[in-house]
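Chain IDs A, B, C, D and E follow the sequence of writing; residue 1 opens each chain.
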Amino acid sequence: MTDADRFEDVVKTRREESFAEFDDQHRGLFGRFHHALHATPSLVPLIVLVSALAVFGIVLGEKFFSPFAMTLILQQVQIVGVLAAAQSLIILTAGIDLSVGATAVLCSVVMGQFTFRYGLPPVAAVACGMAVGTLIGAANGWLVSRMKLPPFIVTLGMWQIVLAANYLYSSNETIRAQEIETEAPFLQFLGLKLQVGGATLTLGVVLMLVLVLVLAYALRSTAWGRHVYAVGDDPEAAKLAGVNVHRTLMSVYMLVGFICALAGWVMIGRFGSVSPSATTGVIGNIQSITAVVIGGISLFGGRGSILGAFFGALIVGVFELGLRMSGADPQWTYLLIGVLIIAAVTVDQWIRKVTA
Amino acid sequence: ADISACLITKTDTNPFFVKMREGAEAKAKELGIALNSYAGKVDGDNEAQVSAVETCIANGAKGILITASSTSAIVPSLEQARAAGILVIALDTPLDPIEAADMTFATDNFRAGELIGRWAAAKLGADAADAKIAMLDLDVSQPTVGVLRDQGFLTGFGIDVKDPGRWGDEDDPRVVGHDVTQGNEEGGRKAMENLLAQDPFINVVYTINEPAAAGAYEALRSIGRENDVLVVSVDGGCPGVQNVADGVIGATSQQYPLLMASKGIEAVKAWAEDGVKPQATEGKDFFDTGVTLITDEPVDGVDSITSQEGLALCWG
Amino acid sequence: MTRPILEARGLVKRYGRVTALNHCDFDLMPGEILAVIGDNGAGKSTLIKALSGAIRPDGGEILLDGEPIAFETPNDARRAGIETVYQTLAMSPALSIADNMFMGRELKMPGILGSVFGKLDRRRMEDFAREKLAELGLMTIQNINQAVETLSGGQRQGVAVARAAAFGSKVVILDEPTAALGVKESRRVLELIQEVRSRGIPIILISHNMPHVFEVADRIHVHRLGRRLCVIDPRDCTMSDAVAYMTGAREPEPLAA
Amino acid sequence: MTDADRFEDVVKTRREESFAEFDDQHRGLFGRFHHALHATPSLVPLIVLVSALAVFGIVLGEKFFSPFAMTLILQQVQIVGVLAAAQSLIILTAGIDLSVGATAVLCSVVMGQFTFRYGLPPVAAVACGMAVGTLIGAANGWLVSRMKLPPFIVTLGMWQIVLAANYLYSSNETIRAQEIETEAPFLQFLGLKLQVGGATLTLGVVLMLVLVLVLAYALRSTAWGRHVYAVGDDPEAAKLAGVNVHRTLMSVYMLVGFICALAGWVMIGRFGSVSPSATTGVIGNIQSITAVVIGGISLFGGRGSILGAFFGALIVGVFELGLRMSGADPQWTYLLIGVLIIAAVTVDQWIRKVTA
Amino acid sequence: MTRPILEARGLVKRYGRVTALNHCDFDLMPGEILAVIGDNGAGKSTLIKALSGAIRPDGGEILLDGEPIAFETPNDARRAGIETVYQTLAMSPALSIADNMFMGRELKMPGILGSVFGKLDRRRMEDFAREKLAELGLMTIQNINQAVETLSGGQRQGVAVARAAAFGSKVVILDEPTAALGVKESRRVLELIQEVRSRGIPIILISHNMPHVFEVADRIHVHRLGRRLCVIDPRDCTMSDAVAYMTGAREPEPLAA
């Protein structure tokens, strides 16, 4: 061994070492708050949500703070909420899905038409709807993962295909609520109401809540969830680290297709009827992406929590109902919602910054 | 004001609805009624209308005036509203079923189409047998207004429409094709160009509304065919009637949104104060606010007024 | 003569106009530490990427235990027991240290929680990660749940090395594992390498640090201009010889070592 | 100097060295093609474009290959083409702009209303339109660069704000072509026609072509262009390397706002009238993004060329006209365009792969 | 006694719960090569990021030529003549080598082409880049228009070092410039450092390579647990002493060097 090597001898003998520690400078209430924000990123949209509720509550009084209005918000966001859960999954993988809304509408049409056109039992028709959704998701996933096409383009194309197929297949005929109610009430299952005082919860709302919680658990606490984040963070690194990127992406896209079909079923519950021209087909994608981004999930993938997306959907819902109830003119409402979208994210950024 | 009412339109990006709202607002002010207006984001936006109805219930409105985007899908929400003691009036577009509203104040859209169809056929005379027709419709989702006017036009022109519930299924060779316009100038021009590329000898153009007609005219003008093609339309807005006067549009069916709106507001007031509901036009299941053909080249067998007269009645 | 455990014949890899591997041969013997040295851009990383399934060569063949193989993905290689620390480290920046160490081989909770609900055993993974980092002397890591992107360059490298050493079962490949490491941490990695070898697992070590290479390597593969120039025995050669070969200052005798 | 150091002596004496060279294995035609593809990424969408033209040409014959149809495509894509040029700039910085279409429409309304409502000379009104566009761009840029908000959210909010402002300001009144023609023909300036045989070029088309070429030059051959790429590639690295990231982003967003205003002027030329409800306000963003992505620009920023985006816009234009001319009905056209969007990008990926 | 050209007093920087700089002092004398050594994660990179405007410290002050300064961006530091090679290299992966070397200080064509049309002088920039790389002995780079992301780890580092050395006018800061470099390339960097110093420009060199540090440094700043532990003179101390200080095996006498 040569001379110059010997300086390494110093480190050859091991000493007792402990992990470095410094005084924690951020004690007290602010320190805790600070730490909580770091540990739970979805806290920020939650704060924005609570503030929005407070402001409208003060302006509109008990008309707004009634159990009726509060649960009405949940009912009004249930479709977007379910779609936002699906969209979150895709965005976490650094993708984007423009076809979610159209898929939901097509699936609801399949559920309806399979029952009324082909006389399938409603349960089977609902299952077929789920299958169609999952298949569409699988097609998206395969194009993204195997053919390496950009998700934006794949789902843009799929959006148009699904929407046009939906119009063509249904001949644009609405199945009326009255018919469904008498002949296939199961289709409206998710519209069942649980009334507690003035508060009204539908099964669709319950489904949304359960879905969000289950997905939050899966993303946080299972290997699959970790893989979803890793793939979104850096797919190349994930592949080298031994994640089966293809399988992860396929599972995400198929699950998303399935959730979209659920959203389609929720739509039947909420509107009673099956309508191929439901606007969700056209603007469901932008609505769900808005919720996701307001909820703090990065469009570049790998960062954010699905709870955040849910709060994002609620934030928009609160703004919309609040503004409508204050009687703002529709264009002013749109304009204000535009302002508030930007403001919500500004507040989010600001909170993150002062507590960084 | 302790009486409050809601006006829910399909969108508020269409001058038709803008004027309807202005009419309603003016009347509401006059009668001391508080009016909240709502609109969908795009044509066909049922979701936004459902949310609007729910908001009106939460706000304790006395009456809802609605031009439904989806005539049947909105019905369950309106039933809720009626159950809460709210008077529901359909404007412009009848609900499906029509009894889902307490009353309907509307144009007969099929008839509006039929009038311009008959006018165009009469104008061509014998040449109608080998006309080449371009159909510039609203949207691929085939909203009901668009279907009614399209099918009305074809019927008036003497073409078998097959299923009257949808456009595009007829097999008459005189129809060159359908394209969609979104009801504005931009879409009108592109749709016209597309159909002209398919068959440059088109000589009759049906358009869903007057902005689409203006766009189609620009496309015709750019290839120098603006003088030998008949363009017909529906609406009777002031720019549209002016276009009839200028020879851009051959004939248009005029409707009366301000009338619908003011009638609606009056009905709400009557309901809130005296509990009475409005009556339908004799012999119809709705209150027909009327439709009039406007053209400066009248033909036999179809009643019409001139653009000069039309300008006095136009809206927007 | 024993068979090589991993060998390659005539590997070629081109990137557009750049030739990264130019008919390159390679042999790894059972139980040995094989160092790979060469100039920057000589093609060392490309070679090990080909061996570990991260890229597919344009030509040539690879044999594991004498059998021709074609890894489609790094996962295939990993399943065959080949564990690699890439020069780019291959970590998910936003995930924690423990998440990264167990990526693709997560530990589940015992019982129904794990088997049915797939719940991860955070605690066990964190403890394991902390222990492995301590073994490498990385005592400046203050928080095992820190995202990898917030680690210093050397800390990050330490995590990657700890991962490969902990899980490799057949071959461990290390592409410049000590480049960003401090004196103490490098020393620990060298010890770790020797410990892994003493478990009978052969190691491929790419390094620019000649004293380290000569200290631990059994054989040295000299890479130059996209191919193996020669293989030398550190007991027969000096560092100066090695450097002279790899920089092209001297030509090796035909059939060296 | 110690013993072990001495191995470095070998490299202390410098020898003559030359850069490494290998046999170029890709000779011949394929080799050249190959190299050209690598050097010019916009070649791939160009190939797709030419193939699409060829296919429709074969199917439809000279009806399609007429100067009339060919120049009609250019006229139909002129608005999207201009917007796609703007969108490319933003996407190169790893942003996205959902407000481009709405901004164009608002600017055209400003040009019209300033002339007819306030009686400004048309030239001044056009200048005001440009100023409004640039201001909107500046607002977007400031929020993105200074407030560090995600471009998607900023421009989503701005889209709604601008669109609503457009409807409110104009009360949705159209200014008729006939009026403009007689009273302020300058507003229709970009609609002027250059007729050569059956071919019709408008000044708007010429403007689009010049704009694309100028931007291509600026991106390729000026320092500003390099900075745009660097900021999109890795803003952190660009900042550390000495790029003024804020100034670069502001310049891009303001320029984009200005180009949107140009698009608004092009719209007046094309439609003759000024209409606040032009569809471009609602779908101009998706159309331009589609063109950009089909043209091979990465949504993650820093990669791609603006020429590609232009070819992307043309590809969509060719598909649309080709399908309509073959008599496909609108719903089927819609569906097929979805398919073709995916197919175009698949071919693109495939070409890149076989020539990698 | 001469004034330090660049100094820092009591710098503090925290990342959430992690303390990266803990009341750290620093001095750089005119014309010297100052080495900074320390364990992984000791806070060396954080220190130089604070000095070069890449991060803003939570506390403490920085003085340039005795004047307090507060750089808002790295650009400010650069304009003041401080050129830095960051550990992460700070390059735009998709851009070419020449583009990266001249980022922010591009050369324009002579005449109207340059002044009015802002046309870049590609040729001149490429020739310059090629020449600087050749000086570093990076001869494996086959194509000067290659995107930086396609370079090997070492090649990439070489480009960053060449950039800083070519443009630094007041202070040059190098954060582990030779970590990924080969023997020959590292040697060239050391020569380059000495050459820069001979131009009268002081240099801060962070490195884990003790022989290199002791070969070129005039003074050595030993960093430990987020602060300066001591400053030692390489002529009075051995490498073993240095390593003992930085790893905490030995405590320095108060006020060493």
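One rule holds in what follows: a residue touches a chain if its C-beta (ideal position, glycine included) is under 8 Å from a C-beta of that chain, and two chains touch if they have at least 3 such contacts.
Note that the coordinates shown come from a computational prediction; the quantities given were computed from them, not determined experimentally.
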Query = Can you name the chains that touch subunit A as well as subunit B?
reply = D
Least hop count linking subunit A to subunit E through chains in contact = 1
Note = Looking at Cα centroids only, farthest away from subunit A lies chain E
Task = Mind checking the centre-to-centre distance between subunit A and subunit D? Centres are C-alpha means, answer in whole Å.
result = 30
Inquiry  = Centroid of subunit B to centroid of subunit E, CA atoms only: how many Å?
reply    = 72
Inquiry  = Suppose each chain is reduced to the average of its Cα coordinates; what separation in Å results between subunit C and subunit D?
reply    = 45
Request  = Two or more other chains in contact with one residue: find those residues in subunit B.
outcome  = 12, 42, 140
Ask   = Among the residues of subunit A, which are close enough to touch at least two other chains?
value = 2, 4-5, 7-8, 10-11, 17, 20, 22, 164, 167, 331, 334
Task = For subunit C, write out the residues touching at least two other chains, lowest number first.
result = 17, 19, 41, 88, 139-142, 183-184, 186, 210-211, 225, 243, 247
Message = Applying that definition of touch, give me each pair of chains that meets it.
response = A-B, A-C, A-D, A-E, B-D, C-D, C-E, D-E
Ask   = What residues on subunit B touch subunit A, complex-wise?
value = 12, 34, 36-42, 44-48, 50-52, 54-55, 58-59, 69-73, 75-77, 96, 140-143, 165-166
Query = Touching subunit E in the complex: which residues of subunit C?
reply = 15, 17-19, 38-42, 45, 87-88, 138-143, 146, 150-155, 158, 176, 179-186, 208, 210, 225, 243, 246-247
Ask   = Along subunit B, where are the residues that touch subunit D in the complex?
value = 12-15, 18, 42, 137, 140, 168, 177-180, 182-187, 189-190, 193-195, 197-198, 211, 214-215, 217-218, 221-223, 239, 242-243, 246, 248, 316
Inquiry  = If we count contacts the way the header does, which residues on subunit D are in touch with subunit B in the complex?
reply    = 63, 68-69, 72, 75-76, 167, 171-174, 176-178, 193, 200, 267, 270-273, 275-280, 282, 320-321, 324-325, 327, 329-331, 334
Task = Within their complex, state which residues of subunit A touch subunit E.
result = 4, 6-11, 15, 17, 20, 22, 24-26, 35, 38, 356
